[in-house]
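Think of it as A, B, C and D in the order they're written, each chain with its own count starting at 1.
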Amino acid sequence: MIRQERMRIVKHQEIAHNVFEMRLNGQLVQEMKSPGQFVHIRVSDSYEPLLRRPISIASIDDESLEFTIIYRAEGRGTSLLAQKRMGEEVDVLGPLGNGFPIHEASPGETVILVGGGIGVPPLYELSRRLIEKGITPIHILGFQTKEVVFYENEFRTLGETHIVTVDGTQGRQGFVTTLLADIKPDFSTYYTCGPTAMLVAMENMYPDRKGFLSFEERMGCGIGACFACVCKTTEKTEVDYVKVCSDGPVFPAGVVHI
Amino acid sequence: MNRLAIELPGLSLKNPIMPASGCFGFGKEYAKLYDLSTLGAIMIKATTLETRLGNPTPRVAETAAGMLNAIGLQNPGLEKVISEELKWLEHYDVPIIANVAGTLTEDYVEVAKHISKSKNVQALELNISCPNVKCGGITFGTDPAIAAELTAAVKKVSEVPVYVKLSPNVTDIAEIARAVEAAGADGITMINTLVGMRLDTRTGKPVIANGTGGLSGPAVKPVALRMVFEVAKQVSIPIIGMGGVATVDDVIDFMSAGASAVAVGTANFVDPFVCPNIIEQLPEKLDWLGLSHVSELIGRSHR
Amino acid sequence: MNRLAIELPGLSLKNPIMPASGCFGFGKEYAKLYDLSTLGAIMIKATTLETRLGNPTPRVAETAAGMLNAIGLQNPGLEKVISEELKWLEHYDVPIIANVAGTLTEDYVEVAKHISKSKNVQALELNISCPNVKCGGITFGTDPAIAAELTAAVKKVSEVPVYVKLSPNVTDIAEIARAVEAAGADGITMINTLVGMRLDTRTGKPVIANGTGGLSGPAVKPVALRMVFEVAKQVSIPIIGMGGVATVDDVIDFMSAGASAVAVGTANFVDPFVCPNIIEQLPEKLDWLGLSHVSELIGRSHR
Amino acid sequence: MIRQERMRIVKHQEIAHNVFEMRLNGQLVQEMKSPGQFVHIRVSDSYEPLLRRPISIASIDDESLEFTIIYRAEGRGTSLLAQKRMGEEVDVLGPLGNGFPIHEASPGETVILVGGGIGVPPLYELSRRLIEKGITPIHILGFQTKEVVFYENEFRTLGETHIVTVDGTQGRQGFVTTLLADIKPDFSTYYTCGPTAMLVAMENMYPDRKGFLSFEERMGCGIGACFACVCKTTEKTEVDYVKVCSDGPVFPAGVVHI
């Protein structure tokens, strides 16, 4: 069920250049089902900025009723969010949307989790859930440059992890697809989240493979009511459009027209 | 006696609060958050004759205390709206105001004729003010004669009262209001969005794919309030006011300016519970003002 | 070469930044804070034939990301403005744009004739868009024919180029722009304020003594930007853009939309150093955009 | 000289119901000349609320470069200000306007300082300055009710102090003028700041006495440029209007038409 709650900040730190990790505590965590879902955050009580900001759930801890988001302080809203201190409250609406399907891979199988920049966070909780099910994840994480790389160790502790940077300052130089072309991993399913260009590249690279992609679109309501986040679909599907916020943000490969 | 009840042509409202068209879809999403029957009414998303897929994305952009949208009237079309959306809404004890849009007069007439027959549709809202479609929409809303003509044509076929939704993008909004009143409109809803634009500072190109969009949210409240005040002075049919409403105080202001009921749009995105919250706060606000019934607020500014 | 210099009819601007009329008085107050010669130009407070004491107070009210004002063109009158204010401004190396207002065409003509002779007045800004005076002002700004007539009459007597300041409270602002261009206007300044209102929630009465006021500030930027974009498409005379400008990014946006220079109004109240700050930040912004001269920004959105 | 500075909050506490005392540190304090001047405060970096808030200078300490304001958290802006914590910075423009003239009273004389509600603060620094000059102040301070009375002891340590509350919950019941009618103080000059109704009552009560009144008006710029805060004048003066922000906020009795 979707809830709105003023959640308390129990941890907040810069983990890479302009990239922040925020841990929030509250009842809302009980509602979080699948990795890849997101929350819609109101960064201040002022009317400026006005709209909520969609941010993926990076990790969930049911026991402590805490969850983590990882975001880049970029524009007006996220910069304000970055100024919040521990102990302060944040207005959170969520969990929203449908996340990555775990059941689509079977125990024993190997899958690849491919993330780009601020698309990496949701893959962390996803990886943990897959491992719980006895599935082996390989992480391929792409970043612009060394300064903005985050969670490398966290992912390594979960399994095989490859870092790629566009400028080659850390890990392999190039894009996630460059690296995939090298290591040619053997896998059953791919899960990916990142810039649209990356999603396109993934679909083109593995046209016949089972894959799930998480999309980004500008949002209004975040719950499916305003038709702001609509994407056209391919002929592969009967519906002629989908809403990223409520039908997605995760869709099977080939559904969304990109 | 219910201190919040308001009677309007075709509408018996439990309270004067309703979500504005396009900001609430057809209710399904918000029904997961609270009981829709608590609402005074629901203004559903614009309905057109045929299915519409709307404009390319991005369709929204944030501005200072406001937002721009260019959804482009996306909706499943008359048939599906009647057979699915309105049918589903029958589960709730809440009057529906059907927002009707189109390109030609015939479109409006056709949609109005059929949708006004739906069991729970108690009134129509003629959207002659949508700034986000190439033809139709706002073109009807900027010329008094054309607006009157369309109103009359729809009145002929509608089985429920007809409210006309005015555009703020005009020199003299009261003139349009008088024209549609003379043409038989049962009420006025106002305001729709102000045409605006946001540019990507780096590229210099519009953020919204459509180029321009409709401005809404707290930023427009002063303009909306002024227009409601002006129109209330010049027409005798009731007004459903909107434009930047986000708090119970905003509701008081719009009713003081002359509105008989108030619609909440953009604020639903900021706080999905804004409508029930305002409804809950209204009684204590009336106490604070020493008023026994919400209707006593209507037109306070003019006295 | 000065990468910020802009040449406009009558105006050689060191940079495209100038305070908007009415938000900077006649410069005296801000001269205590910084050197006025750093400004591209100064648009002085509206000048009328006779002394005007303006409207009763309260004259301003705050709104979401904006403010309402109903000053009522208070000014010492033509003679004093010329003999005292403009004379004093001669201490600074900065072109003055004289904002001219009145009730009848004759008033405008009389003021224009004399004030355009002042040594440091390099251009006139015809204020046909003040929403805060009973007659004159905005009435001239909402009818293309009347606007054109007034423009032609003033052009006949003015010794400096004439810019016409447009009102956003119209259905088709480009139509007015085309009309004044055809009538000989050398340039356009836009936008003036949107007519708005704020009520005291407790009493239900307007906060501003005048009832309505002019809305300005960041809230109106999307509307102003859209109008500059529209007018730039339809006229060939230069535009000085304004409406909610508070940062260097806002300046980039207005020039991208088609403005050749930008005026800053309300933001001066929030940050009295906003103009010099923006001027200082402009060069690095141009570097960021990979542009060598500020003029390259003009009309980027249209390319 | 008027300056704009981000000043640091060194003290911030609620001293009466919804009434806050805030102490700020910065170079700007050096510019503060006379009691009765005010500062124009930007309560947040957001565009909402947009305008600065005019607040009187309650006390000045040149040595520590600190000054104090006392304000009522009422509407949107001051409520936000009340949320600021010690150590945070506040954007201050000032000092603005012309304060109470000290030299208008001579050493040895007795003067009365009459304040109402949030009009009381500027009288505190005024009283200290007068005492420095060997002038004896009598303080008459009016409030709505007990809960909102503040600085009583501070004023007592400076001299004779009378408290009046409208509802009689503390001190004499009634208005400042009620009390003045009782105690009939013998004085040369009166200084007053408070609601307009009180200023009118003071002028009517002492038509022939030398007096100085501090006015309030809605402001835009706060420095004399926008003509928002204009007041009509009486025939007693040659100018036909004054600006509260730059010509005032303090004016001699009889100048402003009220």
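Operating definition for what follows: a contact is a pair of C-beta atoms (placed from the backbone, for glycine too) under 8 Å apart; a residue touches a chain by one contact, two chains touch by 3 or more.
The structure presented is a predicted model; accordingly, all values stated were derived computationally and were not measured.
*Asks:* With respect to inter-chain C-beta contacts, which pair, B-D or A-B, contains the greater number?
*Replies:* A-B
*Asks:* How many angstrom lie between the centres of chain B and chain D, each centre taken as the mean Cα position?
*Replies:* 47
*Asks:* How many angstrom lie between the centres of chain B and chain C, each centre taken as the mean Cα position?
*Replies:* Result: the chain centres lie 34 Å from each other.
*Asks:* Could you list the positions in chain D whose residues touch two or more of the other chains?
*Replies:* 47-49
*Asks:* Can you list every residue of chain C that touches 2 or more other chains, as numbers and ranges?
*Replies:* If we look for residues of chain C contacting two or more partner chains, we find 63-66, 217-219.
*Asks:* Is the way these chains touch best called a line, a ring, a star, complete, or other?
*Replies:* It is complete, because no pair of chains fails to touch.
*Asks:* Chain C touches which residues of chain B in the complex?
*Replies:* So the residues of chain B touching chain C come out as 63-66, 68, 142, 169-171, 194-199, 201-206, 212-213, 215, 217-223, 225-226, 229, 244, 249, 252-253, 256-257, 289, 297, 300-301.
*Asks:* Could you list, by residue number, the parts of chain B that touch chain D in their complex?
*Replies:* Listed in rising order, the residues are 64-65, 218.
*Asks:* In the complex, go through chain D and note every residue touching chain C.
*Replies:* So the residues of chain D in touch with chain C come to 1-2, 4, 42, 47-52, 77, 93, 217-232, 240-241, 246.
*Asks:* Using the touch definition up top, name the residues of chain D that touch chain B in the complex.
*Replies:* Per the stated touch rule, the residues are 47-48.
*Asks:* Show me the residue ranges of chain A that touch chain D in the complex, using the header's touch definition.
*Replies:* 44, 46-49
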